[in-house]
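Have a look at the structure that comes next, please.
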């Protein structure tokens, strides 16, 4: 009887980790959960990095709202949303001189987005494009250069939409000749019809995995909002998958990383941020298992293999950067309106 | 203290932990959620107060109401199909399969229960895909020329649900059938009833309470399920649980999520009221 | 008619096993994608998941939460059933109703309610909070099964024991529990099964330490891969081994 009680007690204490090891709590997107990225940092500093994934900025801010100061140390966030987070008091200032932004692709320094009143709050870590991904053996690649082909009727039922309202609504705006910077309460209603038309022509609206599955199984031939991040990871097994930026343009996504305000470990958090933007961290992040993307730090190119660079289209980046626009940055009311429009579209 | 009241005090003491647990972690949270459903969001702050705005929106906004309708439609479809498929299976195992193999037969029928629910739904996505097993079989047999678009539709969601609930209902209906004394059937046949009459007028009514209890459990589990529609539905339409998770995850709108949850619970309560005549949940 | 029955049985089994067979077959896929065509036999995915410490930790967490929450639910449910079956308490119908009520509520709602409660009281999310949720869903089940199994011959045996001077605790431990062992074992087994595979409560009520279904969900959201098939197959294999072992060693012996 006592033996059983003792074993139970032992099991219980095992369950509640009381490691002497330091921990770092990170709110991240799924590409940060790759052990190839995290393990070198954990070994070097002898810490355990706790990772929690979240979907979009609204979800991330909601998590922070429900948490106490000190619960989280670092956070990944859409570069275009850094201002929102700073205004909500969620990010701590970063020492700009300690960040290697001089080595970045110039367009990706994004000082306007990452700084507020001259103070740096986040640093860009990865970027890529939301455009059109497709199976080049099933569709006519020439058609993919024009967004209008998607609603022309030729590909009805063969299209999948990536389930993230911001970039897809941005793409719809570009298709209507509206710049993403001009998407606001006045121009938003103009997107309603084209969005619904796109939905009618599509088979499904799905997240990363379901989109990949659908492309791989041939359930859809085109993904709107897809890009290299969707197809690169499948490239080896499925070389038919391709992507392009149509003539109306594409969206450029970029994610930044910052230190959460109120963290109990500001130094460790800063070390983590510095690791992520160092060439080694950048090379690992660019090829991490959830989705690939271009590293913000150009020096990472020295550590990437030739095949990886080919998949990422390293050499065509200057052209892509020119033809792509940033995500729309809606105010709170417009954001809610966009989400409502999206929900209505899902439930058509 | 008399012996009886001593007994009663002791009994109260024994019941207390379970009741207190249920009160603290079921009743109170539900009341908290109910209170939250009457709050509303201003920006990202939750403002308490008695504001039925969330409920008005849930019923007034077509895309929200549609989610509720979708859930009820899918759940009713799944419940009916599952019962119709599971009853014969349970009956065959109970009456046709030799006694010593019955437990094995039953176990085989529910074995896939033990693959992870999440992974099983995802497997259905692959099975139903354009170059999945089913389409390849159909095309190979020449039944269809082009692969059917099965995955990421309501059909796929229903198939995924039915798969799970047929297993569950087979278990519960079987347990019900084996308790049925064969004397009833014998008596009916002695009195001259034919096979079908015995079945329709004796066996079916006797097993009805058990079937209805199983159907009710199916209804509750199905209407509140998030995973299967999320993985298999392709977001071609939203169900109520998906809407609730959307409100929570994407918008961070807890009051709205709470209101939708209360509505979900109200629907289940209606179903309960409808079946309560037959329900014997304490003998499930 | 007989033949029809066997045909139906075979078709039913085929339907039930279809996704599982596909799952297992493609876990051996020699290629990046678990979709047809099947390229060849490879154990690489099993190697990958067995060396994935996150998965193995999650598996351990799942077992822990399942056993502890089921044990707690069983004890509380058994005591409550014992009391309510023996003694006519005023309001016992209401008490029974309260204890059974969580059975009629969807897990999502139970999870949301608890999340609201924990947010408002500042309790941090962890495996313990998920465990609390699992007790809530399993307690009605354990109570109902224990209550249904109680009969008159137990009452007689208990009365006899009390007459011989046993304390209530002794009566419970030495008489009631053993006599109800099959029902209690079944309740425990079912509770463990429900808790082990439960997703939504574990998903909403944990933070970093997660259970297996939540870890699999994260894996799924990170990309399409036969590794997920391998996990599912492994879980399946472990579960049916446990079921078969229980069947052979426990249930047969009880006969």
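Order of writing sets the chain letters: A, B and C. Residues in each chain are counted from 1.
Criterion: contacts are C-beta pairs under 8 Å (C-beta built on N, C-alpha and C of every residue); 3 or more make two chains touch, one makes a residue touch a chain.
Please read these numbers as outputs of a predicted model, since none were measured by experiment.
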item: Chains linked by the largest number of contacting C-beta pairs; value: B-C
item: Most distant chain from chain C by Cα centroid; value: A
item: Where chain A and chain B are represented by their mean Cα positions, the distance between them in whole Å; value: 36
item: Approximate Å spacing (C-alpha centroids) for the pair chain B, chain C; value: 16
item: Multi-chain contact residues (two or more partners), chain A; value: 213, 217
item: Residue numbers of chain B (touch at least two other chains); value: 126, 129, 131-132, 248
item: In chain C, residues with contacts to at least two other chains; value: 35, 220
item: Chain A residues touching chain B - in the complex, by the definition given at the top; value: 54-56, 58-59, 61-62, 65, 88, 157, 163, 203-206, 210, 213-214, 217-219, 332, 336, 339-340, 343-344, 346-348
item: Residues of chain A touching chain C in the complex; value: 11-12, 15, 17, 25, 30, 33, 35, 50-53, 66, 68, 71, 207-209, 212-213, 216-217, 233-234, 236-238, 289-291
item: Chain C contact footprint on chain B (complex, rising order); value: 7-8, 10-15, 17-19, 21-23, 25-30, 32-33, 36, 85, 88-89, 92-93, 96-97, 103, 105, 107-120, 122-124, 126-127, 129, 131-133, 136, 163, 166-167, 216-217, 220-221, 223-227, 241, 244-245, 248, 254, 257-258, 261, 264-265, 268-269, 272, 281-284
item: Residues of chain C defined as touching chain B within the complex; value: 2, 5-6, 8-9, 12-13, 15-20, 22-23, 26, 34-36, 75-77, 79-80, 82-84, 86-87, 89, 95-96, 98-110, 112-114, 116-117, 120, 132-133, 135-136, 139, 141, 143-144, 147-148, 168, 193, 197, 199-200, 212-213, 216-217, 220, 228-229, 231-233, 235-236, 239-240, 243, 247
item: Contact set on chain C toward chain A in their complex; value: 31-33, 35, 54, 61, 64, 68, 119, 122, 124, 127, 207-209, 218, 220-224
